[in-house]
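Paired with subunit B in one complex and with subunit C in the other, subunit A is shared by the two complexes that follow.
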Partner chain A sequence: MYYIGIDVGSANTKAVLINENGAVAAYVIVPSGVGLLSAARRVLDEALARAGVDWDQVAAVVSTGYGREIVPNKTKAVTEITCHGRGAFALFPHTRTVIDIGGQDSKAIALSVTGAVAGFEMNDKCAAGTGRFLEVMARALEVGLDRMGPVALTSERPAVISSTCTVFAETEVVSLLAQGVAPSAIVAGLCNAVADRVHGLVARIGVRAEVTMTGGVSKNTAVVKAMERILGVSANVPEEPLIVGALGAALIARELGLKQAT
Partner chain B sequence: MPEGGGPIQVFESVCEDPYRVAREAAAGGRSVAGYLCTYTPEELFHAAGCFPVRIFGRDKGATYHADAHLPSFACGFLRSVLDMALAGELDFLEVVVFPHTCDTMQNLAEIWKHSVARIPSITITTPVSVGTEPAVRYFSEEIRRARKALEETVGEVSDSLLMKSIALYGAHRERMHRLYEVRRAHPERLSGRQMMATVIASLLMPREEHLPHLDALLAELGGVSGQTGDDRPTVFVVGNTCHNLDYVSMIEDAGCVVVEDDLCSGYRAFAMAARNERDPIDRLARMYLVGTSCPTKHQPGWDTGKDLVEKAQALRAEGVVFLLTKFCEPWGFDYPHLKEAFEGAGLPTLLAAIECNQPPGESFRGRISAFIEMLQTKS
Partner chain C sequence: MGGPRIPIKTTDTLHKLMFKHYVEAKMAGQSGQKVAWVTSGAPVELLRAAGIIPVYPENHAALCGAQRQGPHYCAVAEERGFSMDLCSYARTDLGCVFAGDSPIGGLPKPDLLLCCNNICGTVTKWYEELARQFGAPLVYIDTPFQHGDVDEHAIAYVHAQIEAAVQTIGEVAGVPFAPERLLETVRLSARATALWREVLEQCAHRPSPMTSFDAFAHMAPIVTLRGAQECIDYYEALLTEIKQRVKDGVAAVLEERYRLGWDNIPIWFKLGALAKRFAQHGACLVIATYTDAWAMQMSLDTPDGVLRELARVYTTVYINCGMRKRLSVLLGMVEKYSLDGIILHSNRSCKAYSLGQYDIARLLQEEHGVPCLIIEGDMNDSRAYAEEPVNNRIDAFMEQLARR
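Moving on, here comes the complex of A and B:
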């Protein structure tokens, strides 16, 4: 039998299909767009098609992400906190702190030695310090989102971004450009600003090694490096950090499926 | 669990339109006194013939009027109250009472005098340090001053009427404590929402009208004996004010039982001690100046963290939710110490920073659900 985890996030919808041993058989990532339900259906169908698996071979589906309730035929909906914790722990079994920076929210999760969630913090007042912040800035600076990390790392003197509001930070970026500051320095400053912002959350739960970073923003090497510098520890980054929540959901689905079978 | 009809339906319907009862009372010719915090000696206003009603602000919507008067770091609760007043939605009040507690409350009392002058206000300065003799003497004098101001605006307050009001409120408090006791033993008989509806309605209805419904509810619920069959994770909710029943519903819908609260809009509204001083004003002063978790008050020798931890342990709570209205400075300062106290005792906590005058949103649901999942995994 197979198990599916599906993460309907604000930016992307992800599905992970695993087999009875917990090994990944297929995964799919599509932009969420406005049609969350069709995005959910699409990733489910594509994951099955890629692995050559039929629906009747799927024993359980667990959904997560802010659109988790919309997923059809789900066995259970579980929050991103639990799923990211589970996924990160499966990939890096010594993880005690998970830092997930997604499209609209950032989270710091403390894990026990057994991988259970022991505490967490989420951004609550605004979405600065998330993927959306970097998306807005990438557009303002005409730098591709995937290029922000490498561009930032070329700067030796990162600019300082002091606004904590995304819109005001964009104004600040425009003003820095007008002053002739190099775009690479501004990009580096923005990456540092994201890390600083998330540091506030991590400090509230207390950082413990090992640290694993998940979510789309951990693909940005400059943010990861800034985070490592601030926290004083190196961070694990999964090969595909976008699917960690969906992987956690799939592992929970497997647990539920195996429980039902006995 | 009580179904439709009966006292719970009355309470839920009062909470749906929080100031309907007060507006109707005012239209019927009764003086209505609005008050904003549990440190208001309601009995004094009741004895003057008033219906003292708790003002919580609105349930939703923007606060354009109030925003012109308040800095951005003032809490949504008092912002909403001021906005209602400026929009004319509190014109049914004959008088409004400001107990001096937090800075925003004190400043609002001053803004009110200028900007909502059509509704007279009475300020009662409550001592910061409670439980000491000088504090009691000071507070007695403040209540006497309020009595004089009340007599000038509303009407005479005789000692005998005051004693009658004290007896009524005392009887009601005793019943509320009994209700809390029954629910502690049998949370399966009354949902957290129903409990909260009972509490909030008591602050929005004349106590003499709430009391018979409360008695009927107690009779329906039965005593404390017997085993509870409830095995949901138990959560203790601590914080400032939240009159919107949807918050508690959302917490319980995540799969737990709110075993008890320590909220200004909840248990603390009935925390006054029963006293028997002969002078009614002295009695009121001693009743009201008790140590609670209200962070605007300090009682020598009292440790809120220790008290709340002991309460949580006695309730066998498995987790603690801080339901804190954003920008509440006093709670913001106390929170780190209280979090440490609970977690030091092995009780996980969740900080749910809310806008109590707006409906709960997805972000609140997500946090609560994740916290309950965490408790379920632990147990």
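Moving on, here comes the complex of A and C:
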């Protein structure tokens, strides 16, 4: 039998299909767009197609993410906190702190030695320190989102971005550009600003090694480096950090499926 | 399944009682009675003993909030230049004053203002503004913050202010201070707070016969009517019903699996939705520091007299005390009510209540192993509330408890 985890996030919808041993058979990532239901259907169908698996071979589906309730045929909906904790712990079994920076929220999760969630903190009613913040800035600076990390790392003197508000930070970026500050220095400053902002959350739960970073923003090497510098520890970054929540959901689906079977 | 949730019947009486309270206050002018506006933590017994009808802008603001009128009246105050960062009770109340209406047609004009800063510093400027608007005399009682053990100098200082307040109140009421009437009023007040305490204590039973969401509604009389006989009558009826629920095994939350505490003022405009959310997880909020704050113990035979006792009671309220006291109150609740966790509402409006919550939560979790969840909200201003993130946090917290 197979198990599916599906993470309907604000930016992307992800599905992970695992087999009875918990090994990943296929995964799919598509932009969520406005049609969350169709995005959910698409990743489910594509994951099955890629692995050559039929629907009736799927024993359980667990959904997570902001759109978790919309997923059809789900066995259960579980929050991203639990799923990211589970996924990160499966990939890096010594993880005690998970830092997930997604499209519209960032969170810090403390795990016990057994991988259970011991506490968590999330960003407040504000998009600063999230993927959306970097997306807006990438547009303002005409730098591709995936280029932000490498561009930032070329700067020796990062600019200081003082605004925590996404909208005001954009204004600040424009004024820095007008002052002739190099775009690479501004990009570096923005990456530092995200790390600073998220550090506030991590500090509240207390940092314990090992630290694992998940979510789309952990693809940005400059943010990861800034985070490591601030925390004073190195961080694990999965090969595909976008699917950690969906992987955690799939593992929970497997647990539910096995429980039902016995 | 335990069948459908059985509502608390005394709620009908509650609505009638509160309606009567506001009607009587609004008719006071016709019967020649005086009206005072008073803060929720003020020694209201002084007013009742002098025959003055007290009304509570805070309770009135909560009423507006529960009817989802908070943002409307807040905006009226903001148009007058009051900052969005101010308490939403203050903005709601001042907005009602400026607009000249409210869901109950506004509060009756005050002949006197009684302000006690044991609940926050905001009330100082709020009541000064009311004094300017109405030209009414303002009696102000300053209760020094209690950082540690009760400071007897502070109690003496508050006692002296209460003695002075009694004179002003007597002048406004047109009757001299009558110690025996005050003693009788305090007796009624003490009886009511004791009954309220007993009502809350019924929730130590498993399953709990009542949730804190019920208690948030049923606390209105203890706030607004303590010192009056009808307040005692009300809580006697409520206590009888709640005790019967315990006897019959009536659960407030069907299939109660988790018992939670609540810290801070409720989110008035989301009471129903939050009650449902927690109930879906089998979680019952059984006690709140907010409802418990009116379960104060008043002693009648103190050698220093009743004014001194009022000074003591009102200076040592929960929110006027430091973190060590707050922590010990919460730990006492964990023990007494068998709590599985505590929800701390970080209330944007109420700085006095919210300050220190992160440290208290850390101490509870790290030193006492009590899981805590902090949610960001506001008691009245829905513009400062993000529903999805709050729901998400609650769901994640319940998953965390389920894994323990």
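Everything that follows uses one rule, which is that the second predicted complex is superposed on the first by the 262 of 262 C-alpha atoms of A that agree within 3 Å, B and C clash if a C-alpha of one lies under 4 Å from a C-alpha of the other, contacts with A are read in each partner's own complex, and residues count from 1 in each chain.
By definition in this document, contacts are C-beta pairs under 8 Å (C-beta built on N, C-alpha and C of every residue); 3 or more make two chains touch, one makes a residue touch a chain.
Just so it is clear, the model here is predicted, and its values are computed rather than measured.
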item: Superposed partners subunit B and subunit C on subunit A - clash or fit; value: clash
item: Partner chain(s) touched by A:Ala49 [first = subunit B, second = subunit C, both, neither]; value: neither
item: Touching partner for A:Thr82 - first (subunit B), second (subunit C), both, neither; value: both
item: First, second, both or neither for A:Ala116, with subunit B first and subunit C second; value: both
item: First, second, both or neither for A:Tyr66, with subunit B first and subunit C second; value: both
item: First (subunit B), second (subunit C), both or neither touched by A:Leu37; value: neither
item: Touched partner set for A:Val160, first subunit B, second subunit C, both or neither; value: neither
item: On subunit A, positions contacted by subunit B and by subunit C; value: 66, 78-82, 105, 116-120, 122, 124-125
item: For the subunit A and subunit C complex, residues of the former touching the latter; value: 66, 78-82, 105, 116-120, 122, 124-125, 204
item: Residue ranges of subunit B touching subunit A (in the complex, touch as defined); value: 326, 348, 351, 353, 362-363, 366-367, 369-371, 373-374, 377-378
item: Subunit A-touching residues of subunit C, taken from the complex the two chains share; value: 358, 365, 371, 376, 384, 386, 388-389, 392-393, 395-396, 399-400, 403-404
item: Residues of subunit A touching subunit B in the complex; value: 66, 78-82, 105, 116-122, 124-125
